[in-house]
Amino acid sequence: MSERYRRGIDIAERLASDKLAHFVESGVAEVAPDFARMTIEFAFGDLYARDALDLRSRELIAIAVLAASGRAGPQLRIHVQSAAASGIDKAEIVEALMQTALYAGFPAALNALADCHDLLTDDDCLGDRCG
Amino acid sequence: MSERYRRGIDIAERLASDKLAHFVESGVAEVAPDFARMTIEFAFGDLYARDALDLRSRELIAIAVLAASGRAGPQLRIHVQSAAASGIDKAEIVEALMQTALYAGFPAALNALADCHDLLTDDDCLGDRCG
Amino acid sequence: MSERYRRGIDIAERLASDKLAHFVESGVAEVAPDFARMTIEFAFGDLYARDALDLRSRELIAIAVLAASGRAGPQLRIHVQSAAASGIDKAEIVEALMQTALYAGFPAALNALADCHDLLTDDDCLGDRCG
Amino acid sequence: MSERYRRGIDIAERLASDKLAHFVESGVAEVAPDFARMTIEFAFGDLYARDALDLRSRELIAIAVLAASGRAGPQLRIHVQSAAASGIDKAEIVEALMQTALYAGFPAALNALADCHDLLTDDDCLGDRCG
Amino acid sequence: MSERYRRGIDIAERLASDKLAHFVESGVAEVAPDFARMTIEFAFGDLYARDALDLRSRELIAIAVLAASGRAGPQLRIHVQSAAASGIDKAEIVEALMQTALYAGFPAALNALADCHDLLTDDDCLGDRCG
Amino acid sequence: MSERYRRGIDIAERLASDKLAHFVESGVAEVAPDFARMTIEFAFGDLYARDALDLRSRELIAIAVLAASGRAGPQLRIHVQSAAASGIDKAEIVEALMQTALYAGFPAALNALADCHDLLTDDDCLGDRCG
């Protein structure tokens, strides 16, 4: 296990109570184990680990870019949970998703809000208990 | 209730027998009530309300751009119904979706046609009765 | 010269006083002559030639989808001219480009309007004289 | 039945044991029979039929571009099967999907690998038996 | 002049020393004066004006989503300047652009960094003096 | 200098006579030196270095995905040169770009062919001498 991987798993676990690491490792790790490892190493071990931007800022960027792309539902749901774990409150998450309408159109923003409906309305969701 | 909102709801209802307004208001309104309102106000109260383009033209544009984006299934289905409500017949809707293959590739056009299969084949669908 | 090609060139010329056909044939024809031919055959000889949608509707779709894509400047400029040639007036073209903000965001609509600035402001442009 | 169509069906069947042709013909053929035919004619009868690129290369391109687009799941699944039928082994398919992360981001690559999980892990899948 | 417009212009000017407002108003205002106004009203007067997210967070989102889209150069350059004006330092802006590689691929991130090269290296640029 | 970086630079230089490495290192290295290094390490040192896919296949994928994206002109030009350096002849490159029309539409393919016009027509270009 490389130092980059160990550092990446640490950050992923801090952000999402295992969900991020688990997601990358489960389905994908069966098909492409090296890629699961490389994703953890590069995304979290290399980039997220850098001090130049705090985790709150990184998660704001993650949810906004994923929502705007309109095609990354599973990643958006996980990062909405990571965003909450890094101290962004629900009203801020909703507002960030709303703002993507400016750059990517209303359907992207509306569908992102709908895809995360349970995470954003159910108080029990944004800790640890929803998918 | 703003004048922009009232005007927007009027147009949305005329186009889609409540479906458009309902879609924006239901799921999204629970998570982001202000955004549901702003979508109605801006999309329908401001833009659609302008006389410079008739509703038939606006709906042609809506279904083509949504199909070409390849990532706005719920909106495409609603606007296919609005297109029919604004006087575009089924053969024209199909043809508009086909044309998007030129600009956005064959998968976008094929998937748009498949996503709206029931709306475009079932005679009972394009009035008021399908989802 | 296939029947499809002849029919395609006819329509392309009617729409854009040679600009469409010329564009496809010039630069691209030097690198990929078969693809220049196939584009004319399929886009205009096959699709545009179908009666199910009138040319005015086809050009509305073309400019809206191209503007929304945000990455097809040369094609957008030519189809704005074809749109005018097929009887869509300037105010309608502007309005169609504005509407794409709803589905693809404000930058796409703003940049489309800026890219076609001369075509949409200069009276001499939307006949035959601008690039 | 045009010569282009016959040639296209031949290639589609060779690549995917009917799956490609069947996909285009079934759902889409009910809504838009002419478009189903035109897709076979143009995609396989015109482009794939050209000798300038072998089928293995064409299928590598198909799976990579479809995965990178992040919005063409049904087409990706079929072409992963065509890729196998044209002699690309599973490890190469996985590697091609991984490489798309460079150009289209990690979510596109991760979701493509997840969408084709069964095709890439189940030995019985990449012949003829999975959807 | 509507209250929404006045509020929007205020925010746009605070963020970018007139550049944002000027951009929307100049070229676009000649072609589509109503759309220039509506953009200021909606983007800044409605959305940015909301307290739910501070301007620093909004500008982080703006530069990341615009960079990830890979097709909004003029808007990216202006928002990089607004980001600086809202208190995001250069190292953070660079880091935010780097992070988009994760979600949108390396070319989007590399081209965003190259497009803003002067703004991010020239000390005189990120006040008020570069285009 | 990490082993990953050394390996990455080696491959980048073999593919494009320094162009790839130079591109990443020059403009970007001034603004974001760590990202220039990370791109070489990850793209070439990690991914391209893997044996599971030969360089010819990797370059086919690179040019097709970049062309299909319609927004990565500089990267496309460099990889067209790398494709030639890895043994793909001009007719195959042209054919690969043509095929992207199927998945991403005709404008993407036409603009890719136009953007690489000099590289694909001038015999002196696809060695070492054009930008």
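Per-chain residue numbering starts at 1, and chain names A, B, C, D, E and F are given in the order in which the chains are listed.
We take it that a contact is a pair of C-beta atoms (placed from the backbone, for glycine too) under 8 Å apart; a residue touches a chain by one contact, two chains touch by 3 or more.
All values reported here derive from a predicted model rather than from experimental measurement.
> Provide the labels of all chains in contact with chain A and in contact with chain B.
Looking at chain B and chain A together, the chains touching each of them are C, D, E, F.
> With contacts defined as at the top, give the pair, D-F or C-E, that has more of them.
Most contacts of the two pairs: D-F.
> If more than half of the interface residue numbers appear on both sides, call it same; otherwise different. Which is it for chain B and chain C?
Same, since most residue numbers here occur in both copies.
> Would you mind checking which chain's C-alpha centre is most distant from the centre of chain C?
Farthest by centroid: A.
> Per the centroid of Cα atoms for each chain, what is the distance between chain A and chain E, given in Å?
Distance between chain centres: 24 Å.
> What's the distance between the Cα centroids of chain B and chain D, rounded to whole Å?
Spacing between the chain centres: roughly 30 Å.
> So how far apart, in whole Å, are chain B and chain F when each is placed at the average of its C-alpha atoms?
Using C-alpha averages as centres, the distance is 40 Å.
> Quick check: how many Å separate the C-alpha centres of chain C and chain D?
30
> Residue numbers in chain F touching 2 or more other chains?
34, 38, 42-43, 47, 50, 66, 69-72, 75, 94, 98, 101-108
> When you draw the chains as points and link the ones that touch, which shape shows up: line, ring, star, complete, or other?
Contact pattern: complete, every chain touching every other.
> Inside the complex, what are the residues of chain A that reach chain F?
Chain A reaches chain F through residues 34, 38, 42, 46-47, 50.
> In their shared complex, at which residues does chain E touch chain F?
Within the complex, chain E touches chain F at residues 70-71, 94, 97-98, 101, 105-111, 113-114, 116-117, 120-121.
> Given the complex with chain B, which residues does chain F contribute to the contact?
101-108
> Touching residues of chain F toward chain E in the complex: what are they?
That would be residues 24, 27-28, 30-32, 34-35, 38-39, 43, 66, 69-72, 74-75 of chain F.
> What part of chain B is in contact with chain C in the complex they form?
Checking each residue of chain B against chain C gives 42-43, 47, 50, 52-53, 57-58, 60-62, 64-66, 68-69, 72, 75, 91-92, 94-96, 98-104.
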